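Both complexes shown next keep chain A, but they swap its partner, so chain B is in the first and chain C is in the second.
Here is the complex of A and B:
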């Protein structure tokens, strides 16, 4: 098992190296550069200014030279400055990564807390009133556009009822744990409602498949309790495809929470990387996307390890 | 310093003395022509800083700060975006702690507005001297933005979460009028629907016009909540227009450009889409600009005249409603491009498509993401016929980069912004002359001639002046939208709270601490 983990970590490092070049090249090949953006904001910018700035930022160099310069600095721990935030890239990303993990983590736990019982209940009573109600809720969650849902939550709970703030992470002069939790409620609910429908459908489908297996019939014939059959035998096997989906969801660090972060003013990775790509902040966009890649790869490694725990027939020796 | 405040009550804009005791001019003797070593004529302009002017940490604002700012700006490695102003200054001579003389290498009409933004030398010098190449990353404004020594206005920044909010509190050392509010919080909300919800929930008190709601969103909000807020719409210096590709044979023909102008009901666009809040542009100079004149060729909506012009240009059709063709049978099919996702521009495109269909022009809409549109299509001069976008300028901004023939960029090369490829020797001459013409009346005449040529040649089709929409609480007074490049907050000390009768409450207790904006 240990050698397998080491092997996967080496693979992860290689993938990250290749991805760093691919991402750098893709960002670099996009039309326009930071100086083009400056020109659009200031028609009085002279050709001399443009040439000077391109040289200063190294944008007059070929893409491969720029990448090599970045790579040699990066291996020495210098990941460059963010052009948009005027700070070292890691100083920008670490707090935002933490904010996103808090947001997505809370939404993830809440989604599981809803999806597992709902999916199991629906799977054990197919085509019942309960199943129909769960399916209806799940499809509603999948179908509702996240930005619309977020605005709806703000109008209901911030504007009309005034229970929660409409946006931001803390109030000026506050910033305590309770204040942060108060600001966290609406974004977590919005993200949960957007995600939970899909997870319910996965859990339901996996459970229905598992409940049809011979080993479930055998377990029932052995006289095991209904709870033990469902939890220890059916759910454990049903979770394998669900775990795969959840691991792939780590990519949400960049894309999935973007809308929620933008609407609620939550300073997270998605919004930061989005702004970096649009604002031609090469260093920040590159590192943000590499972070997301690394976390997705690590989450998939954890998922593979979870398979072995969930199904003892799977080994990596 | 000269800030070019464009008074909403006056048509003309002019520099005014914000930080110095008197605006230096040739007439009052504070500006003097001088001969340069190479025989050219330059100008020496002497300023005196107002007494008692200090940074928010108590250190005085001095002439040495001004000189330091110039040295930082002119250094090629510090990364200042536009170096024009720094390169024109030959030297800044310190006369005494509050008086300094700026030596400029040419005499231009804006000689008394040629001063760099002031940096605090006592804080900023260390980073600059340590390594000018690292200055853009290591300067105090980026490294420690809440250092009170960085601020000299009515407020100082006390906390900031980049991309989320900045909190400002009174600067105790501000020598001017005491501002009303203890604290102002500026929040950054990227989604305009969320911004509106924050306003309605009371999380923010006002939405600033500089970067807030679009005009149609503000109008919709006013319709839903007409009494709850005060709404101010201020047309400004953002010039929405259509650039023609003058190298194209079809729109390179002035008759076709004029036909398109006559065939576009721009007044209806202004009235129907923007409730008249974004007025039709006659040309590229705003009516409130000193150089403005309306004595130019105009293009009122006249589809019949448009049809005549197209016919004279060789584009005919047998039946009304059909797309016109030329002698070779080629249809009059034009493309218009703009930024995809910009709802306002997309609406205007649809109206133009409908208008021009009536004169036999088949308009194809081909939009692109802003990054592709500006970064490749416009700057690379890769659009076929028409590109719709806006220019942001300042009062009396000489349009050298957009209209001078020397500013036509070669494809694939760094250059000016005359993307349309407009070349007219007389226009070049006027641009060259107006920069050095000090007499206001004589300069106005040059502007007027320039605008007449612009309206006659029609290198671009003027659409409208984009307005800024301010949504303010009923109790807030003194917010005066400028309409130009300087934000309303430059005069934040004039903001106040309305008294019971609706008027400004002079000397109101400064207890309001939630003045979010």
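Here is the complex of A and C:
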């Protein structure tokens, strides 16, 4: 088991390394470069000055050399400055990573709290009115454009009913925990509704598959209570594929968080990446993307480990 | 790009699938149609999609007939309420909302259909090759596919959407033409959309390639390419059709998100996504501007999902029994 964890950690680090190069190359292909931005700020720069600056900052080097320079600086803890925030990149990103984890974590827990009971209830009474309703709701959930849903929530709860703020992290002059939670409600609900439909469908399908197995019939024949059969026989086995899906869904959740954060002005990773890309903040975009990638890869790793805990049939040699 | 009826593919493939069923097991094509027809939601969705597509692709004709214009700015009639002249009112620049919605549908449906077909082709090639050749080749391709699935796609797509293609040596004329954002969108979405089909096809190929008819074909001297093209591909057609139909909805969602964020289809070309870009600022003055495009995306995507679901039941009767 330990060697498996080490092996997966090495694998994850390797993927992250490859991704860092791909992302570096992609950022290099964004319009303009730092010299262009300097020219914008100071139109008096001559072509000679530009060439000299390019040489000074190493922008005339080939891609691999530039990447190597970035990497050697990065392992020494120098990730560069953010142009938009005039701060070291990591000083910008750490608090925002925290904000995203709060948002994603709340949405994840809320999705589970909705999807598990709904999926199980639907699976135990196939073709009933309840099952049809859950199914229809899940279909609607996976088909609704997440940003539109967020806008509708704002129209209803912020503009019309005025129950919750339309965006931001805190109200000016306040900023206590309660105020922050108040601002968290709509983003979490929007992100949850955007993802929960898919999870319900997986829980339902997986539970139905488990309920078809022979050991369920055996358990029932033994005279176990319905509840016991459902929870300790069916659910435990049904959860194994669900965990994989939840892990794969983490990438989608990070994607969804980008939309939610942008619409609600929640200062998280997704909004930061978006602002950085639009604002030509190359250093920030690069590290923001790497953070987002690392976050999803880590979630995948955790899911693989949870696998072993849930399914004793899987051994790791 | 040629425009075409978006249902042509599905209906054509449905007929082809039915014809195969007829040859293979003497199951009448009617049986397939009857199974599909029994799925009321899917049938209704098909009708909705046909109507929506017909109206969208006829937008220039409707524009000419009614004298409404999708591009004429009328600052005297901004944010007008619905009237006989403007059935759904006008937007913040006084353009007729209904015609703009139809033009937007044309773009969104085109992106969805074309990118779904390209994704399906990439996914099928990757899936059949991985499943058929197996071994290290398979392992490498599937690790790559898993990697793409696990990535946070939207943040990466945002950077890809911002890429300056002239830095890659593409001619400037191509990238600045009016339809450039359309081509770019189709390319981007196809790049990430092929993974589901690849995994499904690989799984099906793995089990099919050990069957007797493949061994028989090989004994008769068929080469690898012929076995994959003639013997394997027709047998994996149903999962491809179903997952392609389902992916159209996802692609339309993805297109709308990127366009909403200002990185997809660029104005003045309308798409359902970019019609919502300004909606957030206008929710106080004209909330209906935010409602209509989103509602159309929602209806279209849910219709494609119901259609895919119905096709799955019709093409694979066993899945129906298990439900």
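In the analysis below, the second predicted complex is superposed on the first by the 281 of 317 C-alpha atoms of A that agree within 3 Å, B and C clash if a C-alpha of one lies under 4 Å from a C-alpha of the other, contacts with A are read in each partner's own complex, and residues count from 1 in each chain.
The rule we apply is simple: contacts are C-beta pairs under 8 Å (C-beta built on N, C-alpha and C of every residue); 3 or more make two chains touch, one makes a residue touch a chain.
Computed from a predicted model, the values in this text were never measured in an experiment.
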For A:102, select first, second, both or neither according to whether it touches chain B, chain C, the two together, or no partner.
neither
If you stack the two complexes on chain A, which partner ends up touching A:16: first (chain B), second (chain C), both, or neither?
neither
Check whether A:310 is in contact with chain B, with chain C, with both or with neither, and answer first, second, both or neither.
neither
Can A:224 be said to touch chain B (first), chain C (second), both, or neither?
neither
Classify the contacts of A:262 with the two partner chains as first (chain B alone), second (chain C alone), both, or neither.
both
Using the touch definition from the top, say if A:185 reaches chain B (first), chain C (second), both or neither.
neither
Now for A:300: first (chain B), second (chain C), both, or neither, which partner does it touch?
second
Is A:31 in contact with chain B, with chain C, with both, or with neither (first, second, both, neither)?
both
So in the superposed three-chain picture, is A:54 touching just chain B, just chain C, both, or none of them (first/second/both/neither)?
first
On chain A, which stretch or stretches are contacted by chain B in one complex as well as by chain C in the other?
30-32, 147, 151, 154-155, 159, 262-263, 278
Complex contact set, residues of chain A against chain C:
15, 19, 23, 26-32, 126-127, 139-140, 142-149, 151-152, 154-155, 159, 208, 212, 247-248, 250-252, 254-256, 258-259, 262-263, 269-270, 273-274, 277-278, 285, 288-289, 292-293, 295-297, 300
Which positions of chain A touch chain B when the two form their complex?
30-33, 36-54, 56-57, 81, 85-87, 92, 147, 150-151, 154-155, 158-159, 162, 165-169, 172, 262-265, 267, 271-272, 275, 278
Listed in rising order, the residues of chain C that touch chain A in the complex are 147, 149-156, 158-160, 162-164, 167-168, 249, 253, 256-257, 260-262, 273, 276, 279-280, 283-284, 287, 290-291, 293-294, 297-298, 301-302, 305-306, 309, 322-323
Inside the complex, what are the residues of chain B that reach chain A?
76-77, 79, 81-84, 136-137, 141-142, 159, 161-165, 167, 183, 185, 187-191, 193-194, 197-198, 200-203, 371-372, 374-377, 379, 391-393, 397, 399-402, 407, 409, 414-417
